[in-house]
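Scrolling down, you'll hit the structures one after another.
Shared chain: chain A. Partners: chain B in the first complex, chain C in the second.
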Partner chain A sequence: MARAVTTRTKIGYTIAAWAVALVIFFPILYTIITSLKTEQEAISGFSLIPSFSTQSFSDVQSQNNYWRPFTNSVILAVGSTLLALVVAIPAAWAMAFSPTKRTKDILMWMLSTKMMPAVAVLVPIYLIFLRTGLMDTRIGLTILLMLINLPIVVWMLYTYFREIPGEILEAARMDGASLRDEIIHVLTPMAVPGIASTLLLNVILAWNEAFWTIQLTTTNAAPLSAFIASFSSPQGLFWAKLSAASVMAIAPILILGWFSQKQLVRGLTFGAVK
Partner chain B sequence: MGGITLKQVRKSFGDIDVIPGVDLEIKDGEFVVFVGPSGCGKSTLLRVIAGLEDVTSGQITIDGQDMTDAAPAKRGLAMVFQSYALYPHMTVRKNIAFPLKMARMDPAEQDRRVNHAANILNLTDYLDRRPGQLSGGQRQRVAIGRAIVREPSAFLFDEPLSNLDAALRVNMRVEISELHKKLATTMIYVTHDQVEAMTMADKIVVLRAGKVEQVGGPLELYHKPANRFVAGFIGSPNMNFLEGEVAARMGAHAIGVRPEHFSMSTSQGLLSGVVGVAEHLGSDTFLHVDLDNGPHIIARAAGEMPVNHGDRIWLTPQEGRVYRFDAKGLAL
Partner chain C sequence: MASSSETDLRTRLQGILPKLVLSPSVALTLFFVYGFILFTFWLSFTDSRMVPSHNFIGLENYRRLFRLSHWTIAMTNLAIFATLYIVVCTAIGLTLAIFLDQKIRGEGILRPIYLYPMALSFIVTGTAWKWLLDPGIGLEKTMRLWGWESFAFDWIKDPQMAIYTLVIAAVWQSSGFVMAMFLAGLRGIDNELLKAAQIDGASNWSLYRRIVLPMLRPAFLSAFVILSHLAIKSYDLVVALTGGGPGRATETPATFMYSYTYSRNQMGIGSASAVIMLVTIAAVMIPYLYAELKERS
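Here is the complex of A and B:
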C-alpha cells in the first residue's frame, strides 16, 4: 500500500527542503547582500539588510574593466569545451563501440589523472608555458583547460554513447554510411542530449577553474576567476567590492545553470538516469 | 541476381568456434530460413554474410563475386534488425531515404523510391512521423522499407518479428511472404521459431552449435528428418521419442512419433498411459500422457476428444509414421 502523504507532512518536507537549500545557498546570498552594501556597512558586522548601494559595482568596473575578463572567461570556457568535444567524441565512440580488453583500464587511467593534485604539476606546466610563450595567452589556457577537463568529457560521452544501441550503427553501416557519415548523421544527433549536458557541465567547470587561470595569467588572458582573485589581495578588506566582483563573476554562469537545470542534472548523474 | 555461396565459412570469437565451418548454397530468389535454438550461431552466420562480423576463414561469394572481405555496404545486401534499428531522430521519410542519401542518389529519384516503398508497405500516411510515434508493426515496416529502397540483391532478416505480439506476428509473416513473392529477391531469414521457418521458407537450414544439421524444404524436413535433433526441432508440439523395448522391437535405438500421428483409443492399443493435462482447443485436443513405465508424451487429436485428467488412454503410432534412429541419433 502506498504511504498516504498528508498535507502536514508535505508542508514539513517543503520547509525542511527550503531550509537545507538556504543553508547551502547562504554564502552566495550573503555575497550578493554584501555587494549591495557600502564598505562601511560591510565591515561593521553581520547584517542581512543592505542599503542597496550600487557603489561597489561601479567602483569595480572603473578600477578594473569587467568586460575584458568576462570576454576571456567566455572564450576559455566555450573554446576549451568545443575543443574537448572534438577530441572526445571520436575517443568515446571508439571506446563505446569498438572496445578492447584494455578499454576499461584506459578509462580508469584517464580518470585517475583527475585525482592527482594540480599543484604537483604546477612547476612543469609553468615552465612549459614560460618556454613556449604560452604564458598569459588565451590559446595556451584554452588548451590547458581542455586537457584538464578531457577525462570527464570522455567519460560522460562514453556513458551516453553506451546507451545508444549498437544495432543502429550497424544499420547505418549496412545502409552504406562511412565511419564519418555514421558519426555525423547517426551517432551525434542521437547523442545530442548527452553532448548538450556534457557541454554545459564542462563550460561551468572551465568557467570556475581558478587554480591554473590564476597561476598562468596576469592581464591579457585573465578570466573572471582571476579577476576576483585580483580583488582579494591588493584590496584586502574591501568586502563590498570583493563581493561585487564575485557577483559579477558568478552571475553569468548562475543564470546559465538556472536555465539548463534539467540538462545539468542529467549530466551530473553521468547518464545513469534515463 | 542474388545467389550467395558460403565455402567452409568459419567464425570464432577468441578460442570459441561459434561456426566451425559451413558450406551453403543459396540460389537467386530463394527464401532461406536459418533456424535453430538460441546460441546455435544462426545470427552470427547472418552477420558474417552481412559483413558485420569478419570471417575467421572461408569464402563468401555474392552474385559470383568474392565478398569475403568487402565492407557491409559494398555487398549489396540490406538487413532488417530484431530491434528495427530505426534512426529515432529522423522522420520515417528520412529513415527510408537514408541509404539512398548515403549513396548520393539524385533527390528526385530518392523521393520516387521512398514513395514507392511507402506505397507497398502502407506507410504513406506516416512519412512525416518519427519512429517513436509508430506502433511496433509500423516500425517493422519502416525497417523493411529502408531495406527495399536500396533494391538489394538479397535481404537479411534477423529475427524481425520477435518483438511483436502474437497476432501482429502472424500478419507480418504473411506480409513478408507476400513481399518475397512480389520482389522475387533472395531473402535470408533468421528465427528460432520453427513455425515461421515452416510457413515462410523455400529452404530451411537447421543449425545446431554452428553446424548445419540439415538443409531442405519445410515438408522434406518434416517428413524426412536426417537425425533426431532435426526431427525434434521441426514440428509443433515436438516429436515424442521412445527408447527401450518398444524401439528395439522396431530394430532401432529410439523411435520418434509426432503428436499428430497417434491413433487414440480408450480401450486398446500399443501404448497405455494416464492423461495428465488435456488441452481442449476445439479444433484440436492436446493430451499430455504419462506412459506406463515410460516417458511423458504429447498426443494430438483432431477435433474434440472427450478425455480428461486421470483417464486411461491407449495410443498406437500410425502405420508408416514412425521415425527410427540409431544410437548416434541418425535416422535409419
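Here is the complex of A and C:
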C-alpha cells in the first residue's frame, strides 16, 4: 500500500525513519566504537571517536583464546543445521506432497514444542547429559541444538515446499518420471531456495542459542554465546575488551542477517509473514 | 503378471514412503521434547528436591507455589513487562511500518538495521545496554559530563524501576521485527481500494482508521501472539541485563523456575512453575497456529 504523498511529508517520514534507525543501531554501533578504545577511554564517558586501538582485540585473543569458542560456534551452528536438514527434508517433503488427515495435527504438535520455555526441560536434559558423559562436548550440544530446532526446520521447509505447485509433480509422473527422477530433476531444483533459506535461518538461531550452551558447557565446547556470558561476570569492568569480544561474536550475524532478513521474519513468525 | 506386481510394489512403496521418511522427525520430537515435557509434568506432582523423586504428592507443589511471594512477584513482573512490551512494540512497529511504506529513500538499508536487534543474541547486545544503563559510566555520567549535573537515570539499580529497563531493552529488540510484520500486511493491501476511498474524499487519517487498520487485523493478531510468547519465555534478556535483581525486583517466571530448581533445590515447585508457563503459552499459541494452518488450506 503506497499512496501519493506530498514531497514535504515524504521528507518528514524519511528523516523520522532514519532517526529511528540511528537510535536502534546505536547500541550496536557503540559496542563497535568501544571495542576500538583503550580500557581507560571506555570508562571515561561518552565519545564517538575511538583511538582505534586494536589492543582489546589482541587481548581477548591472547588472554581468552578467542578462536576456541569461535570454532565451537561454527561447528555447533553448521553441524546442528545440517543434521536437522537431513532429518527434516524428507519429513517436510512427505507432509507437503502426500498429506494425510493427520498431517496438520502432526505439524501442530511439532511446532507447539517451540513455545515451550527451555527451562521447562532443563532437568531431564541435564540429567541425561551428566549420565551419558555428553556434558561440555561438541557432539552432545550439536545433537541437542538439532533437536531443539528440528520442529521449526520441519515447519519452515513445509511452508516452502507447499508453495511448489503439485501439478508439476503430476505432470512429471504422467510423463513417466520415476520417483527418483521426480526427486532429482523436478523437486530438488524447486526446493533449493526454500532449503537455503531454512539453512540460513537455522544457522542464525543456533549461533544465538544461549540458554543451553551456557547451561551445558564449561570451557571445552563453549561457543561464543557462553564465552561472552562468562566474560561479563568476572571481568565486568573491562568494557573495551568485552566490547571487542562482543563485536567478534556478532560480526558473522551482522553479515548473514543483512542477506537473510526475510527468512528471519518468516521463521520467527512461524511462517505467517512471507 | 510380472509387470502388474511390479507396479503394485511401486504404488505400495509410494504409499509407504511418505510415512517412512516422516517417522524419524515425529519420533525424535515426540520422544525428546514431549517425553521431557511429560517428565517435567510428572515431577511437578512429586516431592523432588535436589534430584528427581517419584513420590507422588498430588497438587501440593501447585498449592505451595501460589502461596510463595516470590512467585507472586514473578507473575506481577511478567504482567507489567508483557503488557508494556506488547503495547509499545505494536505502536512503534506500526508507526515504523507506515513510515517505510511511503516508498522512502533507503528502505533496503533501513529494514536490516531495524531487524538487527532481533537477529543478534541479547547475551551479546546486552553488553551495550549494561553500559548505557549503568549510572557510573553510561547515560547518566555522560549527561553529567556534558553539564546537566542533576540528570539521574539509575533505574537499573532501583528496585521500583528496574523492570522498566527490561521493557526498554525488549522494545528495542523487537520493534523492528514487529515493523516487518506490519509492513508485510500493509504491502498486501489493495491499492485500488485506497485510491477509490481517496477519490471519495477520505482524509489521510480516516483512510488509515477506517480502511487500513481494520485490514491489518491478521498482522495485529500475529504480532500479539508472537510477542506474548516471547514475553513469557524471556530469559536471556533478564539474565543478561539484571540477573533478576536488584534483589528480586526483576524476577520473572523463567528466572524463578531456574532459581527454584537449581539454586534452591526445589525441583517439584520449579517444575510446577514450568507447567504453568507452558500452559499459559499454549493457551495463546495453539488457537493461533490452528487458524494459521486452516487459512492456508
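In this section, the second predicted complex is superposed on the first by the 231 of 274 C-alpha atoms of A that agree within 3 Å, B and C clash if a C-alpha of one lies under 4 Å from a C-alpha of the other, contacts with A are read in each partner's own complex, and residues count from 1 in each chain.
Rule of thumb we're sticking to: contacts are C-beta pairs under 8 Å (C-beta built on N, C-alpha and C of every residue); 3 or more make two chains touch, one makes a residue touch a chain.
Treat the numbers as computed from the prediction; the structure is a model and nothing was measured.
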Between chain B (first) and chain C (second), which, if any, makes contact with A:199: first, second, both or neither? neither
Between chain B (first) and chain C (second), which, if any, makes contact with A:13: first, second, both or neither? second
Comparing the two partners chain B and chain C, which touches a greater set of residues in chain A: C
Going by the contact rule set out at the top, does A:253 touch chain B (first), chain C (second), both, or neither? second
Taking the superposition as given, does A:122 touch the first partner, chain B, the second, chain C, both, or neither? second
In the superposed arrangement, which partner chain does A:186 touch: chain B (first), chain C (second), both, or neither? first
Which partner does A:170 reach: the first (chain B), the second (chain C), both, or neither? first
After superposition on the shared chain, which partner residues are touched by A:77: those of chain B (first), chain C (second), both, or neither? neither
Where on chain A do chain B and chain C both make contact? none
Note: in the complex, chain C contacts chain A through residues 10, 13-14, 17-19, 21-22, 24-26, 28-30, 32-37, 39-40, 43, 52, 96, 99-106, 109-132, 137, 141-142, 145, 172, 175-177, 180-181, 184, 186-191, 194-195, 198, 207, 212, 218, 222, 226, 229, 232-233, 235-236, 239-240, 253-254, 257-258, 261, 267, 270-271, 274-275, 277-278, 281-282, 285-286, 289-290, 292-293, 296-297
Chain B partner, complex, touching residues on chain A are 165, 167-168, 170-178, 181, 185-186, 189-190, 192
Which part of chain B faces chain A closely enough to touch in the complex? 50, 52, 71-73, 77-79, 81-83, 85-89, 98-99, 102-103, 146, 150
Touching chain C in the complex: which residues of chain A? 1-3, 5, 9-10, 13-14, 16-18, 20-21, 24-25, 27-28, 30-31, 34, 43, 45-46, 87-88, 90-91, 93-95, 97-98, 104, 106-113, 115-125, 127, 147, 150-151, 154, 162, 179, 204, 207-211, 214, 224-225, 228-229, 232, 239, 242-243, 246, 249-250, 253-254, 256-258, 261, 264-265, 268-274
